[in-house]
Each structure stands twice: as C-alpha cells, then as structure tokens.
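In the two assemblies presented below, chain A is common to both, partnered first by chain B and then by chain C.
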Partner chain A sequence: MSAIAAKPGANAGSFQPIPSVIAIVIAIILVVVAYFLGSSGILAGGAQFVLQTFCLIILGAALIAFGVHFVPVGGAPAAMGQAPGIATGVAMLATGAGLAGLFGGAWAAELGLGVALASGAIGGALMMAITCLMVNISYVFGMGIPAASGKVLKDPITGDLQAAYKSQGTEGHGLPFISYVGGVIGGLFGGLGGTLIYIQLLDFYNVGLPALGFVGAADINMLSVGLAGIFAIGMFLVIAVLSAYNITGTIEGPHDPKFKRFPRAIVAAILASAVCGLVAMLVVALF
Partner chain B sequence: MQEIIIGIGVTALAGALAAVAGAAEDTESNIGSQGDPNSQVQLAPQMGYTHRIYNKAVSGEPPAYTLWVTLACGVAWAFLMLGVNAILAIIFGTVLATFVQGVYATTAYLGRTASLSKFGQPVFIDVVKSVTTVTMAHAFVAIFATVTVCYLMMTVIGHPFALPLLGIVWGLALGAAGSATGNPYYGKERQYQNQKFGAGVPISASGNIVRYAEAGQRSSIDNGFFTAKFGGPASGICFGLIVFFELWRTIIFEDFLAGWGAVIVGALIIVVFMIIDRYVEVWARKNYGPYTVEA
Partner chain C sequence: MSVKVEASHDGIPHNKVMAIGAVISLVSLYIAIIGTVIGVDYLAFFGGIAAVGALIWGNSTIKKLCSYGIGTGVPSAGMLAFGSGLIALLFASALAGFSIWIVPVAALVIALIVGLFLGWISNSVLNMKIPVMTRSIAELAAVGALALMGLGVVATGTVSFTGIATIEILGVSVYNASYLGAGVIAVSFMLGAIALQHPFNACLGPGEKQDRTNMLAIECGFLSMIIMAVISFVFVSLAAAWISFVVAIIGWAVSYVKYVALSKRDAAAWLDAKPFSDKEE
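Up next, the complex of A and B:
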C-alpha cells in the first residue's frame, strides 16, 4: 500500500472492535495475574487488597483518558489565531492540569480518600479555569480577537452564533464558553484520576514496604510518597500521550467531533495502565 | 493561628515568586522561540523567507521546564541533605540547570537551523553568541523562582512530596501556563505584525513572518522586548494565580468541614473565574462586533 492510500479516511478515529476486544482480554489476563500474585503472597496485603488496588489504578487511568478529550487544545495554529483552543500540546496541558490536581490530592491524602479525590479534582479544574481565562484575556485584550468556534454554528451552552465572529481565512480562535467549560471538566477528571492512582499506590506501598523488611514509619512513608508520586506522574504521562495520539493534534472540547473518539482512548488506557500498574506494584514484590 | 499567618505570608510570597517565574519563562521562550509559534520560524525558510530568528524548539516548553526545574530541585535537594545553606543550595541547583539550558539552546539552534540549509537558511554564529546568553539569564530567573516556590512548599507549608517531585509538578505547570497564555501573543501579535490587528492570521499567510526591524534584520531579543509588555506579565499572572489559589484555599480552609472546606472554596473560585471568562467573552463580542453579518 502506498503512503497516499494509507492516509486515514472518513472513519479515522472510529471504534475498532477487534483490537479493542484483544486489548480488554489482555487487560483481564493481567488482572487475573495480579489476583494470583496477591493470593500467592508475592504481593503483600492479600488477594482482595491487590485486586482492589489494581482495578482502581485502571479506573484512574480511564478517567484521565476520558478527561484529556475535554481539554481544548489548538497547538501551533492556535498560537497564530488560526484555530480555537489553547496554544500548546494536548499531553502537556492535560498533564500540567493533572499534576496540579495531584499536588492538591497528595496534600489532602491524610484527610481520607473522599477529600483527597475531591481536592485533586478541584486542583486540576482550578488550574485549567485560570489558564483558560488568561488565554481569553490574551486574545481579547492583547490581540483584539473575540472567541469563535470553527466546529459548531452555535455554542451549545450559551447559544451564541459562532460563524460571524470567525475572522477570514481561519478556523476560529480563542476559547468559546463551551471550550472553557470543557477545559475545566478535563482538569477535573485529570486531577481525579491522577489522585486516585496516587492514593492507591501510596496505600499499597505502605503495606508492601514493611513486608519487604523496611522499618520506621516515617522512613516508610517518605519512600511510599516518593514511589507513588513518581509512578502516578509516569502513568499520567503515558495515558495523556496515548490520548493525544487519539486526538491527533487539536480538539476544541466536548462539542468537537473528535470527542467521540474517547472510547478508543479509554480501551488503550485500560491496557496501558494494567501493564504500568503491574510494574509499579511489582516494585515491592516478595520474590 | 501563628501557623495560619505564616501560611498566608508564604502563600503570598509563593504567588509573587510564581508570577516572576511565569513572566521570565514566557520571555525566555519567546526570545528562544520555543513555543508553538516556532513552527512558523521553522517553516519560513521553506517558503523562501530566510531570517535571523533564534530557533530552539526541539521540545515543548512544559517538558523542557520540567527537566530544568527538576534538575535544579534535585541538585538543591542533594546540597540541602549535605547541610548547605538553603539559598546557596537553590542557587547551585539553578546554575547547573541554567548551564544545561544553555547547552540545550545552543545544540537545538544549531541542529534545527542546520536542517534548513537546503532552503538557503544560514546558521548565524553571532546569533548564537548574543541570544543564547539572554535566554540563559531569563531561564535562571524562571528556574530560581520556581525552585524557591517548591522549597517553600516542602519546608514551610509541609507538602509530602520531596523537592524533586515538586519540581516535576510545578516545572510542568509553569511551562503549560506560560505556553498557553504567552504563545498566541508571540505567534500572532509579534511574528505576524504585518497582518491585520484584531483578526487571526489567515492560513494562507503561514510562514511569512516579519523579518525586518526599524534598522536591519529583526533580532530575537527584540521579540522578548515586545512580548515582555503583555505576554510575559499575562503568563506571570496566570502561573502566579494558579500557585496562589492552590495554596491559599488549602491553608485557610482545610480545617473547615474536615477538609471539604478547601474543596468547596476551590469550586467557588472556579465558578468566579468562569463568570469572569463569560463576561470577557461577551464584552469582546459586543465591542469588537462580528467580522461578517450574523446569519
């Protein structure tokens, strides 16, 4: 097949059942492996605890993959006012918001799972709320350009007409309100997912490290926080980059037709996080 | 009570330092042309427009700043563990990270520009000499301020993450905030000053960047001079607000409702920003009006 013939057609980004089923089957096999490692005592804490940790890590990754699709990213065209969205990369912005959320979630970890998850979600959303506002301020007051979407005739939330506010020769610019809301929701899911992964790994290491022979609660906690933080950040990057490939460059937010591609990214995230999660847990394995 | 007062003071200091970091980061990236608008700097010679603009975007700003800030945090942390004075330790870390940034900038400029030789784009050694040191100076300010913010978070505020981990989080957030806010101003307003004000750059004009100044060819240092008037401060306010509100809502309201106070206040702040954004959007639509007649 030539390169031209291999170009994606109209169904680019559509859900592909066979690869998806294969991915889910491999992920299920990895879940069974994790259960076996827990029941055989290789991973400390018992089969139920290991299974619960592993499944919640996968859930966290799926939330991140879903959230990344909400973030309005315009890349290089947005930097010239040629396309709507934020003028940076998908993975970078989503990770920035997710890690800001992780910062808040890790800080609130001692207050319980609910508060930590909510704090992480709000941290990510707050980062995006401020960033998106400053993007619009930059466009409106720095460059004299109003926000306009290139993908819809009317803003689905405010009902504002978009086409007339699009300058000639461009696909739109700035962040219409739907994109702003999408950015905040993306930060919310990113922070939530990242914090969920972090908390699960933190609890797991706090059980696993003493079983390995580490002593001293303060030292164990410091090591657990470090390990959980590094793996949570690493997994966040993996999922954000995977989702960025699914988006292929730019997306305006939840109203963009590309948003419908998210099931594919969730399936990929489930498999990738199953592999990464197992590696992260095997760090404290009792071989 | 004393803890809260110290916390408020540190929050304000961290917010101010973050604002400085954001402004320096955006100016550094614009002088070095590292953000998304660099696609036009890379494209211009291919369209027949040779130029003297610096070109060091072999990675986006967020991963680059993650590397530099984390490197500085790691070195500073190692010196702190050896019992070195905190300010000295942060300076040692920042100096090393700045040298890494200088090596990165030099090799990136030479590599990216040399790849355009087939389009007649020369490598200017005087550009390397004059611009690299200026980007390094701005990078020093951005990295030093961010590492200090991370140090304050670790020691005074008591965040559980170690300094290098905080470096990853806030280095990435710094790059993300700076590139999101500052890139359009550099890309649209500076690189395309030859296009109409108050409208996006038509796709057909891609690559036709402004290459000449009042006298002679435009220098990348002039780009920093220009964007430091709006893009830099806007990026600084963006990153400063992120750091300030993230710390403020937690320090003041974490003790209310068993931790839910900080969450509720965070949600309220988001709603306030949302209302401001909507106001700005409507204000622009009313005052600038549509480009064509509304259907």
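Up next, the complex of A and C:
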C-alpha cells in the first residue's frame, strides 16, 4: 500500500449519525417547502403533482448513489495492473453508465414511464457490460494478467479461488466475475435513477413552461426536453461525485469492504438532490 | 485524511486570486449585459473574458482543494462544480423576468448557497474532514455558474432565460433550435468543465508554478471560447460572432505562446526536435 493510499484515517468509513440526521431533517424541510410552493400556486401543477415530482427526483438520486457503489473502479493502479477494476475514476464511470442509460430512457420517454425506466436501466447496464467485457479482454489478452480479487479469498458467486492467481505486491488485478456482475448492477441502478429524474423533470416542465407564458410555438416539448436533459446531467454529476467522495478512490464491487459505506452516500444524495431539485424546479416558478 | 501536501508556494495568495477572478468575471458580464440592454450584441465577447476570469479563480480553488488528496482525482471537482453551477445558473437566468441586472449576482449567490450545502455534505455527512472543503466546493459552484454564464453569453449574447430558450428564425420564434432547446448548453457545460479541471491536473507535481498553471487556465478558457464563438454564428449577428471569434483566437494564441515560454522556463532541459536537420542536404 502506497503512502497516498494509507492516508485516509481509520474512521473514514464510519457512519456519522448527527450530520446524517441533520441532513435528513433539512431534506424533509425542503420537501415541505416544495409542497407549499405547489399548494400556493408558485409551482404549476398543484401540490400533489409537485410533491410527487420532488420525491421521485430524490428517489432517483438515491438509486444513483446506491448504484455507484457497485461499479468496480480501479483508478490509476488498475491501469498499471496493480489493482482490480476499470482503470478510471468513479465520476467518469458513473457518468458513462448513467448518461448511456439516461439517453436510452429519453428515447423511450413517450412510450410511458415503465418502458422508459426499463430502457434506461437496460441502457446503463448494457453500457457497463460492454465496458467490463472490453476491459477484461484488454487485461487478459493485452496485458497478459488473469482476473483476481485482492479483497476476498473466494469469489462470492462462482466460488473460484482468488489468491492463487494474485501476483505478489499487487492488490489483485483484472476484473473478477463478482466485479463484472457488480458493474452491470451499478449501471442498472444508475440508468434507472438518471431516467427517473429526467422523466419527472420533463413532465414537470411540460406543465410549468406553458404556465410561465412559453406558448405560441408548437415545439414547447423540445424546450422541456433540453431543460430536463441538462438538469438531469447536472444532478447526476453532483450525485456521482459525492458518491465518489464517499468511496474515496477505488472500489472492487459489492464484495469490497468499502461497499458497506453506501448508507452515508444515500443520505448525502437525498439532501443534495433535494437542494438541487428544488432549485431546478424553481426555474419555472411563477413569482 | 487531511494530510496537506503543499502543491507550491504561491506568489499570489488565494484570496487575492479569487477577488481578481470574481471582479473580472462580474464586470465583464455586466459590460455584456449593457450591450443586451442597449440592443447591440457585439459586446458578447466579454462573456469569454468573464469565463476566463472565473476559470482563474476556479483553478486556484481546485489547487487549494486538491492539495489535500481527495482520492477521486482532480477532474471530479470540475464536474461537481459545473453540475451544481449549471443548476444555479438556470435558476438565476429565470430571474431575469424581474430585471436582467440581477442575473450575474443572483447566479453567484445561489451557486454559493447550493455549494455550501454540497460542501457541508461532503465534509460532515461523508466525513471527508478536509478543512477547506466546504468553502472550496461553494467557490467551485460559483465558478461553474459564472463560467457557464460567460460561455452562454459568447454564444447567445444574453443571459436572460427567454433569450437562451428562444431563437428567431425568419421572424418566427421557435424553441427547438435555441441554446437550451437544441442542447448547445451541454457543449458549453463540457467545454467549461474540462477547461476548469485540466490546468491543475496537467501542471500538478513538485515543479508546479502558480503563473504557469494560471496561464494554462487562461489558454483553456480562450480555447473553449473559440468553439463557443463558432457556435455563436447561429445565434448572434455576423459582426458580433466574428468579433468573438477573432478575440478568442488572439487570446488563445497569446496565452499559448506565453504558456510554452513558461513551460520552457520551468523545464530542466528541452530539445527542439526537427524532422530534418537544416545543415544536412
């Protein structure tokens, strides 16, 4: 372990009860604020609609934060074949998976919520599956290293022994089966959450923009698509980077001890998406 | 976690860089808004100057934040900055319904508020325990909002929500080809985010020097402005677009030459390799 990797303190992974409770309370206050903005008519569509949109945005963000923890992120050590995972940062991988899913879901937005969410989830999962496959091909046939995890003795799914294939002085290398499965699940959750945020904002702007006075052109839907798309991307990046801060660098997948930190990231995502989501919804507020 | 590794001893302290960047950015945005109010769009190139000012500020903040080793790489900070800045920027531009003059200051204030929330989350809930984290992420959100607004001004010549959401084509105002409706804002998002995260990411290390990193930030800002100036041919008048384009090219060329000179100054040795020697026939 290098000096940089040894830097995080011993309590870096522990759950923080008091800040978490404060965060949840602030998020609940923001939900109540959104409800009153809806019932007083500042946000168009009625209190029920505003509340539903806001809560589903928060749910989408929580799904993203949960999904990010499944993705096997290797960082620079993986690029040198010294740690398992895909050789790039959390933010880049989560963005790739989430945005692939989001675009997939956006294409299917007019076919109804269920189809859109399913295609978003499958889009994200497919992107991660292809990435993991190509990563393993380049590791095995390009760099000539077998896939081996450094965190567990046996693969939790296949039961294959890992230690016999692990090179000395490394933390494992390649992309073992459990990491591959984790990557696909992570893409599934990321795409699902991103699409949920997008669809909710799209419906909201389709109601809110005509109420704001953007009428007269038949293509108001295109403006909603542009607005909802860029907001979904912005919120996705915020949630993905906050989850990356929670992981602090690299993670092997669902079997990694760092995976147990995910409740913290979900709390963070709930508050962050409540703040960002409220500001995003206020764009079409009628002051 | 909070082991600070000093990147370099700064000639100019961070607070001073921050003040310079913020003032350049806000003043340039207000000059561009004067152009909008009096009905001319050839002041749009001041948006690029605003973006460069914001990037100088953001570059110094990233340097301060990333000297603590956040474990996720420098680029993630740029993405977080623009993700949160974008949300603040669009809300602020919707406030142009009251008065167009409040938009830049509103974007700055809203971004700082959103950034303070995100910074507090990272520092307390996620237990990063980095002393400058809350302040740095708040600053980065403000930088993201100002830089994105500057790039948007280069492209469209205005900061109001109506201005960036509609475009006049043959006398008919439509939404689907506008800065927002056509998704051009996604291009400026990525151009700005990369220009923000690249300079320190490229220059970090034991030999990092403040003036060289800042010059690279300026160069990246003008490079992004070139592309926004090309896009602006769709949205603003031909003269305004050419002015933005020429200003961006000149700014980029000057900063690039200076950056190469500074790189040569800091390098241990360099070799001007040529494919063929002049002396040999």
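One rule holds in what follows: the second predicted complex is superposed on the first by the 273 of 287 C-alpha atoms of A that agree within 3 Å, B and C clash if a C-alpha of one lies under 4 Å from a C-alpha of the other, contacts with A are read in each partner's own complex, and residues count from 1 in each chain.
One rule holds for everything that comes next: a contact is a pair of C-beta atoms (placed from the backbone, for glycine too) under 8 Å apart; a residue touches a chain by one contact, two chains touch by 3 or more.
This one's a predicted model, so the numbers in the text were calculated from it and none came from an experiment.
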| item | value |
| --- | --- |
| Clash-or-fit label for the pair chain B, chain C on chain A | clash |
| Chain B versus chain C as contact partner of A:V25, first or second or both or neither | neither |
| Between chain B and chain C, more extensive residue contact with chain A | B |
| Which of chain B and chain C A:V115 touches, first, second, both or neither | first |
| Partner chain(s) touched by A:V33 [first = chain B, second = chain C, both, neither] | neither |
| Partner chain(s) touched by A:A78 [first = chain B, second = chain C, both, neither] | first |
| First, second, both or neither for A:I86, with chain B first and chain C second | first |
| First, second, both or neither for A:D219, with chain B first and chain C second | second |
| Contacts of A:A106 with chain B and chain C, given as first, second, both or neither | first |
| First, second, both or neither for A:I145, with chain B first and chain C second | first |
| Common ground on chain A, meaning residues reached by chain C in one complex and by chain B in the other | 75, 89, 92, 95, 222, 225-226, 229-230, 233 |
| Residues of chain A touching chain C in the complex | 4, 7-9, 11-12, 14, 16, 19-20, 22-23, 26, 75, 89-92, 95, 214, 216-217, 219-220, 222-223, 225-227, 229-231, 233-238, 240-242, 244-249, 264-265, 267-268, 271-272, 275-276, 279-280, 282-285, 287 |
| Parts of chain C lying in touch with chain A, wherever the complex brings them together | 1, 3, 69-73, 75-77, 79-80, 82-84, 86-88, 90-91, 94, 97-98, 110, 114, 117-118, 120-122, 124-129, 161, 165, 172-176, 178, 180-183, 185-186, 189 |
| Touch list for chain B against partner chain A, complex | 35-37, 39-40, 60-63, 159-162, 165-166, 168-170, 172-173, 175-177, 179-189, 191-192, 197-206, 230-231, 234-235, 237-238, 241-242, 245-246, 249-250, 254, 258-260, 262-263, 266-267, 269-270, 273-274, 276-278, 280-281, 283-285, 288, 290-295 |
| Residue numbers on chain A that touch chain B, as the complex places them | 75-82, 86-89, 92-93, 95-97, 99-100, 102-104, 106-109, 111-112, 115, 118-119, 122-123, 125-127, 129-147, 153, 158, 160-161, 163-177, 180-181, 184, 221-222, 225-226, 229-230, 233 |
